[in-house]
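Chains here go by letter, A, B, C and D, matching the order in which they are written, and residues are numbered from 1 within each.
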Amino acid sequence: MNVFEYQARDLLGQYGLPIPVGGVATSPEEARHIAERLAKGPFVVKAQILAGGRGKGRFLSGFSGGVRLCSHPAEVEEIARVMLGGVLVTMQTGPEGRSVNKVLVAEAPQISRELYLAILIDRGRRCPVVIGSAQGGVDIEEVARKDPEAIHRIWVDPQVGFWPYQARELAMRMGLHGPLLNPAADVIVRLYRFFCECDASLSEVNPLAVIENEKFAVIDAKIGFDENALFRHPEIAACRNEVVEDAREAEALKAGLNYVGLSGEIGCMVNGAGLAMATMDILHRYGGEPANFLDVGGGADQNQVTKAFAILMADPKVRAIFVHIFGGIMQCDVIARGIVEAVSHTKPKVPVVVRLQGTNFEEGKAILHQSDLLIRTADDLAEAAQKAVAAARET
Amino acid sequence: MSILVDGSTRVVVQGITGRAGSFHARACLDYGTRIVAGVTPGRGGQKLDDRVPIFDSVAEAKQLTGCNASLIFVPASGAVDAMLETAASGIELIVCITEGIPILDMVRARRSLEGTSTRLIGPNCPGVITPGQCKIGIMPGYIHKPGPVGIVSRSGTLTYEAVWQLSQTGIGQSSCVGIGGDPVHGLGLREVIEMFDRDPATEAILVIGEIGGCEEQEAAVFWETSSRKPTAVFLAGVTAPPGRRMGHAGAVITGTSGTVAAKIEAFQAVGIPIILSPADIGKGMAKALAAAVT
Amino acid sequence: MNVFEYQARDLLGQYGLPIPVGGVATSPEEARHIAERLAKGPFVVKAQILAGGRGKGRFLSGFSGGVRLCSHPAEVEEIARVMLGGVLVTMQTGPEGRSVNKVLVAEAPQISRELYLAILIDRGRRCPVVIGSAQGGVDIEEVARKDPEAIHRIWVDPQVGFWPYQARELAMRMGLHGPLLNPAADVIVRLYRFFCECDASLSEVNPLAVIENEKFAVIDAKIGFDENALFRHPEIAACRNEVVEDAREAEALKAGLNYVGLSGEIGCMVNGAGLAMATMDILHRYGGEPANFLDVGGGADQNQVTKAFAILMADPKVRAIFVHIFGGIMQCDVIARGIVEAVSHTKPKVPVVVRLQGTNFEEGKAILHQSDLLIRTADDLAEAAQKAVAAARET
Amino acid sequence: MSILVDGSTRVVVQGITGRAGSFHARACLDYGTRIVAGVTPGRGGQKLDDRVPIFDSVAEAKQLTGCNASLIFVPASGAVDAMLETAASGIELIVCITEGIPILDMVRARRSLEGTSTRLIGPNCPGVITPGQCKIGIMPGYIHKPGPVGIVSRSGTLTYEAVWQLSQTGIGQSSCVGIGGDPVHGLGLREVIEMFDRDPATEAILVIGEIGGCEEQEAAVFWETSSRKPTAVFLAGVTAPPGRRMGHAGAVITGTSGTVAAKIEAFQAVGIPIILSPADIGKGMAKALAAAVT
């Protein structure tokens, strides 16, 4: 679960990381008031969306830049007015962009150097890795490609923990010496504590700025949390309601379904994450595009099937629904009854294609056929996918 | 022959009195697995269905039943504790079905298992099965059929689909191992492939990978020098968008190494055929086997 | 630093350990009010002193028992009136006993079993050890002597941590099974978390009671903290003012001196803990008894020497002062000047014997001799000790 | 010959720019110790008294000066970090003077040093000296004199008193090691005694113990089978009351093993003479040496 920049700032601030003063605003007036309360300009106004590349982004309105510097509170208000309610398109948002409902207003300190700092889990080594670079403020993947030597890593033995001397070693490799060395190590140690204590999956500060040649400031931060660990961090889990930008995903979340919204036209309902991805892939092979990833899980009950149908049907892009179930522990006849119930109940206006395979699949098919509902079935996966793609083209 | 488990494996089920634990313990028993003990702390002295004795601890279970593998259904908040308890008792194989374990807990768990003789499969996996001999997991037993193909997979139902296609095509399996969908887990693709390579009963290998991480690439390196057994690979998630978690905690593209394209490239570089459609897994495997014969 | 039972209860309660409800009172009326607020009797009234054996203790007034059961709030008030302001003598207090300024009033649950549970550092193995026994409510040293098999230990690898399965293993060895097993493990795990997170040096629950055959209660707890770690636990350090029972120790604490009050007649001032103990020992060999242990440390300045003198002289038992300094990094001439200053300033009414040895000891002796003060000196340690013992007998 | 340190030992001082660090670094230099580097993070590039280069890290200091022992004056809150840094750099001897380190921090530190080649002396100790060759610590150098007696002690000034008495009696020392007064520390009494036993330059051993713990008892066991070098023991704290911390964090009697009586018994059981009065340490040692000659 990723959080907005303004939420990340609050959480990092609790761990003593140096955050430029500021606040989040939902109206232009509020943005102006925040700027007025800050000591002095210049100020920065930043559109709050969950995607990177904001600085080089462009609003659908034509306004350029999701991050803008201002000298006066009046200018802050003006910029906030343009951003709020707008749709920002960046390299990471796709062409549809993201709505901007909040802006961050903060002091914009004089930056003398821009560094990169991040902590994440190295899956291969199965441990946290602390990553630093003297080349901050730019795309780190780009740095990694062009100049891999410029990226420094410290892997952490989870039994020994991360010690200040390791933070100093990283800081030194990032080119920090003299009076900057201990403050840099302090920032790194605090970020590591935050990472572990809050069960973050990613803690990226980019850029970490040196200001006035003597101290540090977190200019931008991208923070993600391990969903599996949210149960022990109720205060972080509470951020969730704010961060679901997609209405379909918000619904699915409430229903306890694993859903990711996509831009295609075939609504998918599958049991199992791997099978769900494979289902999306085969639709694509036959010229269709999935409207979503949806894993109803291994033990979905009729209620969840009904909810899943409702979510798929509420999506105006969906032109056909493809239900793909491999009955392992779940029995296909039970599933079939669930589908019949759900379809009778929700009365989808688009064609429904069902492939049932595995345990009791023949009984399941029989149940679907015996219903009076317009449910198309197929045994073979390829055939089923082709039927789904064709069905989507009908409407 | 087979890998990891066979007809002599003696299994303890941790969390046997829970809903999933009791359900699947019975299914494993029905398949013929030697479930010799259950563990639920505080329920020691009871029995499951009058046949499986329940103990308060794995150590007790091991001492009194000689179990040598554990199947874990303990909820996420206690699963790592269950793993460490099993490892401390000296049991050599853990199959952990539990879903939703925090990644930092798994980081600690894996670190603690280092240097022990215990091997972990999972968590968040369907388990392991040697058809006709031993099923330790939640996969539907009846779709499997003994035979020459070793399957290793990061997925659950997609593996069932693959097994189904193989069995329908008349191709049986030596063992099937679901390594689990979490970013930090026990045995990796490569380790299982190496086991299949050494196993005389396994004549060919099917690898089912997906987006996220770089285990597929690490596994591919193996063929540069070692395995000559016919192998086919299917990879799920070619249409998955970057940065989104596709159900499995581990199925998320971060950076370029996590994409299907990067993984395909790695296997193609060592001459392993890629099955492009999930509908062609049975056919693809048959083709790989046939190619090896000629 | 040990804390009072009522303080230990509060701290353990914060970690979710099962503490019978109750409160601490400084007056009989307050004690009665606490009892009235509790659901029902019986109640227990417990004298708060930092020594064990209270149950079998006796007040100087003749009243017997520092722990008493009562049925009614009126009885609680009555017992509290007898205890408060009294002096309680137990096997651990010495004959002078300890003043009782506070009493704990709590519900006295019906106890079905008494267990023992403790966590401390095993110095030999250099790790925490969790100790449990089915034989609680009695002196554990006695159990260890008579029935060592009845005491169970789990050593904790600090890199791996203490896991619930280990707590269950201990609980099982303590004879806890069935519905008591998981609650027992929960208590043990919580006590371990408390131990580590609060830097305790000892966390002893004795007895840990089973009540109503289904749950646990901490009936008495003895908690000590690592003084070296108090800097990171300001809230625990704040307990300190409450727990210094000896006025001399309270003074020394303020002056930053390492002081332990004893019952002899020779006030000692020494640099270094080992030398200070050896000094006490040699006085004892010659028939004297130290009034205190006092280590002024390796870098004591004149100010500290003056304060140390003041504390020794304020002790009415002190009949002679023995200053014993080995000049290593400290130079004896500097020390001698400090002693001269301190003696001139504080004008002790008892004889002062000084032994200076080590760096510049001859210059130091000369300075003492040249002063007009009545300072007796000796080169040899045996001679100095004998002079100190003799001096104490003069007065 | 000697143990642990000699004229070739190359020392880095961690915390060299602090008050105690710079004072004692100079005192060690004056004694003739080869202080080749200092470390204070953020002060790299400076020098102490224009002669000792200061580095930002121990790794740098080791790489550029070849130091092989470290003397730590870092305050308690950072001392364990300094130890782990030194161990990670591969330096084989740490002498930590720092007082007041929390015991749980030392528990972690000792555990982390296990399996490394680094030996720790201290913390809360006077250090180690091989008279005439190398002083790594805060003891007054001039009281020492080269000779045949190896001293190991849990104390500071009491050791100086003992050395003083020995030197006054004409008995020199091979090496003197203060192992420190904390309950969890580095090298123990027994380990240092074993080193003295193996050291050809050490002809006799003086042990200075005190109340608390049971290191003395563990050390005494050594003589049951091994050392035949003349040995004398002094133990401080016969008059200390139980349960009170006598200055040193480790000097507290808990249970019976911590008492002087229990420790005396252990040494007497293996025939080691006990020096009863602290005024008789020189004489006692002379007697032990004389007894060995006859």
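Just so we're on the same page, contacts are C-beta pairs under 8 Å (C-beta built on N, C-alpha and C of every residue); 3 or more make two chains touch, one makes a residue touch a chain.
This structure is a prediction, so every number in the text was calculated from the model and none was measured.
Novice: Find the geometric centre of each of subunit A and subunit C from their Cα atoms only, then give the gap between the two centres in Å, rounded to an integer.
Specialist: That gives a centre separation of 55 Å.
Novice: Centre to centre, by mean C-alpha position, how many angstrom separate subunit C and subunit D?
Specialist: The separation of the two C-alpha centroids amounts to 29 Å.
Novice: Which subunit B residues sit where two or more other chains touch them?
Specialist: Answer for subunit B, listing residues that touch two or more other chains: 108, 112.
Novice: What are the residues of subunit C that contact at least two other chains?
Specialist: Those would be 159-160.
Novice: Draw the chains as dots and join the ones that touch; what shape do you get: line, ring, star, complete or other?
Specialist: other
Novice: Could you list each pair of chains that touch one another?
Specialist: Applying the touch criterion to every chain pair yields A-B, A-C, A-D, B-C, C-D.
Novice: Okay, in this complex, where on subunit A does subunit C touch?
Specialist: 159-160
Novice: Would you pull the subunit D residues touching subunit A in the complex into a rising list?
Specialist: 41-42, 44-45, 56-59, 78, 80-82, 84-85, 88, 108, 112
Novice: Note which residues of subunit A are touching subunit D in the complex, please.
Specialist: 160-161, 163-165, 168-169, 172, 177-182, 185
Novice: Would you tell me which residues of subunit A are touching subunit B in their complex?
Specialist: 92, 121, 123-124, 126-128, 141, 157-159, 196, 199, 201, 226-229, 231-232, 258, 260, 262, 270-285, 289-290, 293, 295, 298, 326-329, 357-359, 380-382, 385
Novice: With touch defined as at the start, can you tell me which subunit B residues reach subunit A in the complex?
Specialist: Residue positions touching the partner: 27, 76-77, 100-108, 110-112, 138-140, 142-143, 153-161, 164, 181, 183-184, 208, 210-215, 218, 234, 236-241, 243-251, 255-256, 276-280.
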